[in-house]
Each structure stands twice: as structure tokens, then as C-alpha cells.
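Following are the structures in question.
Two complexes follow with subunit A in common, the first pairing it with subunit B and the second with subunit C.
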Partner chain A sequence: MSKLYIARSPKLAARVLDGEMMIMSGQDSTLFTLNKTATVIWQAADGKTTLEEIVERRIVPEFEIDADAALQDAETLARELASHGILQVSEEPIAPANPAAGDAQ
Partner chain B sequence: MSALMQEMGDKALALGVPLAVQVDLTYRCNERCVHCYLDHDDHGEMTTTEIKHLLDELADAGVFILTLSGGEILMRRDFFEILEYARQLTFCVKLKTNGVLIREREAARIRDLGVESVQVSIYSHRPEVHDAITLVPGSLKRSLTAIRFLKSQGIKVTIANVLMTENMQDYQDVRALADELGVRATLDPTVTPMMDGNRSTLRLGAEENALKRLFRDQSLVGDVDEYCAVPSKPNEDELQALPCSAGHTAAYVSPYGDVYPCVQFPLTCGNVRRQRFIDIWRHSEQLKEVRSIRLKDLTSCSQCTHGSTCTRCPGLAFMEGNMRGPSTQDCEKSFARTGIPSANLLSRKPAAVNLVQIRATPNIAQASA
Partner chain C sequence: MPELATEIEQLSLVIEIGGMPVRVNTSDPGFLAMLQNRYAGFIGASDHAEVEFDIDLTRPKAGDPNADVRVTQQSGRWSLERGDFRAQWEPAAHRGWIRQSANPYSIDAVLRIVHTLVLARQGGFLLHSASAIRNGKAFLFAGVSEAGKTTISRLAPPDATLLTDEISYVRKLEDDYLAFGTPFTGELAKVGENVSAPIAALYLLAKGSENRIEPVAPAEAARSLLANLLFFAEDQELVQQVFHHAFEFVKRVPVSRLAFVPDARVWELIG
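Here is the complex of A and B:
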């Protein structure tokens, strides 16, 4: 599997409610919620850390799941979020697109 | 509201999270709307630093939807600095403005900053009516130009129309104008008393017959018979209902840092210049009191046949003197809708016909003097 970098899209609104991330797309005001695992991945999506590292460091220890299966799930999730425009996925590191839309809390 | 948003709202309610907060950045304004409830002087607005600090606190408290309003938000020179900061904190930002100061450059900046939507007040499609309400010649033209700039940037725009006697006849044309511009339109026949308790603006409100016609406009209400049906008294479940989101999942902060349950509910619960927002939200006695109220606790409304269908605003009731009492403006709307007067309305109907006759008789008047 090639290295994948993920970054949160700019122009999103996001806030954690009870451990789950609410995200509103800036394009069409569609509301998404991410479960706890997806929230951890989304929060760690800084464009500089690979998905593999995120899964290894944040998901496997916290949720006690098999690393290979977790990575596969995470990649599926990343591509799905990308299809909704709320995550960017690339094989290269991703520079921050718009400082105004900055880091999620 | 989407089902997911409703679910988030229920979760926020259960967890005591203020999901939506309106912050008025200033009460200063470049219009002078005849029905406005604000005093437009600056009595010491929060500074840029204070507002940024407040936004940090709101984000920490879990606020997701942040409405920036006023006054006119663009009267603040630091408006875009505040907006940019709010977006860095990933709030879902909604703006309320009259649009007078929005040109292409401002619209592009609003788009770049990922604002969710912008609400612009439009009272009529006719300049002679709109401008007579804002008291600013040329304001309709400028507001419509702003809407076009915002639309051309792909921003979601809503036209907000407060209906009064002066513009009542134009609401359908305003809706047609909204269609033409490709934006949503909302209308509200509620004129709010001034924040300082002065109720003189209420005289501008729509007359009973105009309200009756409005509530029977199928294009607005859908099934007129259902909408205007005579209600049945609230059942046990309905008596346990919360009045509205004010103080439960929503709050308001004034330009001076005062926290209220809602912009239309001026009960001071604390001030963010002296206390952390979260401490006010969690521990204010006033908010606890607001939160404790259920329909069953309301003096007249719990016994009123309109109890479960009325749009009673606890803020308007508060401004009338009792947050557990009826809101006469809502009693009037319930009456216009269904033809059934509330007990509150009946007790207020002038029973003065006889007295006028007595006063008209000079001898009796002298005799009673």
C-alpha cells in the first residue's frame, strides 16, 4: 500500500460533541457526524502525517484493534470523506490550503 | 432542520451544550429602521481582543453555530479580523447584515472565509416602502446589490422580512423578488419591544385583519384548515415540553458582554468581561430558572387551549413582565390564526364602552370629580 497523506479541507465548520465530530460542509451546508474513531483520524489529518502513522499511533493503541484491518478501514473512510469534500487525500504531503479555515479544535 | 441536526440538538440538550450562540458585535448601525429594538450608541463595546477571547471560550464550550449580528456588523472596522478568527476556530458562521456595506470585495472575502450563510433584511420590493422603514434613501438598492454580489460568489443568502402595517401588502412581491434572486425568504410578523422595555415600536405591528389574511395564505402555511384549526388543550406530554431553545442549547452575547438566553430575551445572566462564558452557562441562577420552566408551570398558558400550538415566546413574555406569563403578541397571533381568544386576551379587551358614555355626560363627570 502506498503512503497516503490526509488533510482536513478548508471552509468546513467542525466541533466535537460528546466525542463525535460534527462537520458542516461549506459548499452545501450538509451536516456529517464522524464516530469516535473517524473523529480521531480527522483531527490528526494535518497533511504531514501519513494515514499509516495516524492509525499506528492513535487508533491501534486507543481502540485495541488489528493494525492491518484498521489501516484498511481508515483508507476506506479517508476516501469516503474525500468524496464528500471534507478531507483531502494525496500520495504527497498536503500544504495547508487556507489559513483562515485553520486547524480544527 | 435536518434529522441529523435535530439529533445533534437533542444530544446537546441532554449534555447541556450551548450548540448555537448569537454574538452581536455592535449596536451601531448605518440604518435607522423604525421598528428596531436597539439603542444605536456605543456604550463601550467589547474590543477585538475581548471578542477573540470570547470566541475561544465559546469554542471550548462546544458552540458550533455562531451567528454574528448587530446593529450592523460591518460598522466594526475589525469585522473581518473577527470573522477570520471565528473561522479559524471552525465555527459554522452565519451573518446577519443589512448589506449596505457589502460590495464585491467584501462578498469575496466572506466567501473565502467559508461563511455558512448570510441573512439580509429586505422589507419591500419598493424603494419608497423599504427606504421609509430603514430611513435611509437608496438602502434597498444597496441591499439588493449586496445580495447579488453574495450570490455571485456562491454564498447562501436568506432575505428576512419583518412584517408591519407599513409593508404588509408587499410580502408576496418580496418572495417573488427572492425567487428571482435565487435566495430563500423568511417573514416574521413580530415586532420586538425595545431592549430597554419601551414598547412604542409595537404600534407598528400588523393589524388583526392583516394577520388573519397572512395566516390564511396557502402559499405560506400549506394546509390552511389544519394551520388555523381550533386547537385542543395540551396533553400531559405537551405540558412537559420546553418553551424553546433559549438557555437550553442557545444563548446570546451583547456587544457589552452581557449574556442572555436569547436576543429576544433580555434577562442578564452574567457578563463575559467578568466571568467565563462556561461558568455563566453552567451556573447562572437566571439560566437555571429559565431551564426549569415547562409548559405546565406557565400561569395562563398551561390552562390555555392554544398551549400546545402557540408560538409563545418566553422572551416576549419576560419583556411584558413575567417569563412564566403569556406573551400578548403571541395571544394575538393565536387569535388571528384560529379565531379563539385566549383568556389573557379576553381580560385585556377594553370593556370601556360604558365608561366612555359616562364621561361624555358632563354632569356625571363633574359629579364624580
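Here is the complex of A and C:
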């Protein structure tokens, strides 16, 4: 599995409420809600940290799951979020676009 | 020498929804009469209009009114497009045009979109919900198709004033949220009253075995509100604003789930 870098798309609005991440696409106003695992991945998506590192450091310890299976699920999730335009996925580090996605508190 | 051109008489009408007057100009008396009938109760008397549209009537074409609408902005000019209409609107100039056939549905969609764009800048929104005023307070009943918006509207007692059975109009005025009546109808096909009141509660409709009000967690309230918002624009800044307004709304307005059986006694819980 090649290294993947992920970054939050700048073209959206996002906010966490009661631990639930809600994201609205800036392209078509579609609403997404992320579960806890997806929220951790999305919040850690800074464009500089690989998905593998995010899974190792954040997902495996917090959710006590098998690292290989977790990485596979995370990649599937990342590509799905990317298909909706709310996450960017690349095999190279991703430069920050603008701070709009930083609304995700 | 005979005149080579005849001046076409310009007819106009002000449609005032949510306190915002929109003037529409047409040269077709039949279309004007159609609009007067469609928006009866929402015809403004004022000369002033926030927005003015010239309507260019075309022959009916096979455009699909159920097709996805596209709302985009470029250099301060909004373009609105669906299978059955095209429109442009320049907010700074307060003017625009609509190209459509002589039907009430296309202009209805244009008006809804324009109102969502204006409200997004003012802290308000349009919501898939029925709404009514009772005892001086407005109540919203949100839900997707088949959730019960028409049913709850139909069951409303005589002392309730129906604002809409389909699309609620929410404006923020200082610290209050007000619900206004709209002519946007659902299955009930009954135009709302053109009045407004402060919003006392938003109910998320659910079918139940008995009538009861249940608490809703803030996250579910926000998610449900966002899911029922009408917003069409492909515009990052406005999406951010609408998103923010939704969270502000659920912070200030009580949101609960209203489970109900199709029974008029559900209104004993409301107001």
C-alpha cells in the first residue's frame, strides 16, 4: 500500500457538536456526518501526515483495533470522502489551501 | 409618417414574501393575471422593491422542472438555471431577468432561490417544514416528504394560523427568529397567511403510536435542521454562512421531536 496524504478540503463548512462532526459541502450544500473514527481521521488530515501515521498514532490506540484492518478501512473512507469533495487525497504532501476548513472545532 | 414601432406596455407586480418586495415586469397581461392569482395575499402595495425582475416569456419547451437546479455566482452576478428556466440577478443593481414559459412553477422556483440567497446574508433560511402561529407564537414542523407536514397542517385547529404546509420562511431580526407565511404550498395546496410571529419551537416530525414530545440532543437538532434546509448555491462563502446560521438557530430555539398519530389532539401539545 503506497503512502497517502490527506487534507481537508477548503471548500466546506464543518463543526463538531456533541462529538459529532457535521460537514456541509461548499460545492452542492450536501450534508455529511462523520462517526468517531472518521472524525478523528478528518481532523488529523493536515496534508503533511500520512494516513498510515494517523492510523498508527490516533486510531489504533484510541479504538483498540488491528492496525492493518484499520489502515485498509481508513483508506476506503478517505477515498470515499474524497469522492464527495470534502477530503483531498494524494501520494504527495498536500500544501494548505486556505483556512476555511479550520472552522472544524 | 406612421410609427414604425409600437411601445409595448410594461406591466408589473410586487410580490412580497417575508417582508421582501420583489417586482416582476412582464408585457403579457395573461401572465400577470396568473401571477396575481398565484400570489394572492402576497401582492405588495409599495412602489419600492428590493429586487426587480424583467420576465422574458418563451414558448413552452421540454425542459424538466425536476432537473437539478444550478445556482452560481460570478463577478457579483447570480445565474440560476433549471430545465424550465434561466435567470440572472445582480444584487448590487437590484435587478435581474427571468426567461421562462408562462407557467407559475418556474418563477416560484426563482423566487425561492432568490430568497434563500438574501436570507443567507441576514441570518435566515427557508426550511422544509410546515409552520403555524398559535397564541402569538410560531411553531415549525420539519420533515422530509411523507414526514407529516401536510397532515399536521390539516389537523391544525381553527385558532391556528397556517403559514405554510411545505416551506417555512425564517428571518432573524436582532435576537429573535421570526417565521413568515409563504405562498409555497405542498400537498395541502393552501397558500399560507401573510403574517409573522416569533418562533417558539421547531418540532422534528415523526410518526408515532401516540402523541408526545421528546427531547432532541443538540447535535441531532443541528443535523436535522441542516438536512431540511433549502439551499442551492454553489458558493463557499454563503454555504459557510448558512451552516453557521443553522447552529445559531438551534442554540436559541428549542428543538424537539414531535411523534404523533394522525389525530387533531396532537395540537393539545402545541402552543
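Just so it is clear, the second predicted complex is superposed on the first by the 100 of 105 C-alpha atoms of A that agree within 3 Å, B and C clash if a C-alpha of one lies under 4 Å from a C-alpha of the other, contacts with A are read in each partner's own complex, and residues count from 1 in each chain.
We adopt the following convention: a residue touches a chain if its C-beta (ideal position, glycine included) is under 8 Å from a C-beta of that chain, and two chains touch if they have at least 3 such contacts.
Just so it is clear, the model here is predicted, and its values are computed rather than measured.
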| item | value |
| --- | --- |
| Which of subunit B and subunit C A:31 touches, first, second, both or neither | both |
| First, second, both or neither for A:18, with subunit B first and subunit C second | both |
| Subunit A residues contacted in one complex by subunit B, in the other by subunit C | 10-13, 15, 17-18, 22, 24, 26, 29, 31, 33, 100, 103 |
| Touching residues on subunit A, where the partner in the complex is subunit B | 10-18, 22, 24, 26, 29, 31-33, 98-105 |
| In the complex with subunit A, residue positions of subunit B that touch it | 2, 4-5, 8, 11-12, 15, 17, 19, 59-60, 62-64, 84, 87-93, 112-114, 116-117, 156 |
| Residue numbers on subunit A that touch subunit C, as the complex places them | 10-13, 15, 17-20, 22, 24-29, 31, 33, 100, 103 |
| Residue ranges of subunit C in contact with subunit A within the complex | 217-219, 222-223, 226-227, 229, 231-236, 239-240, 242-244, 247 |
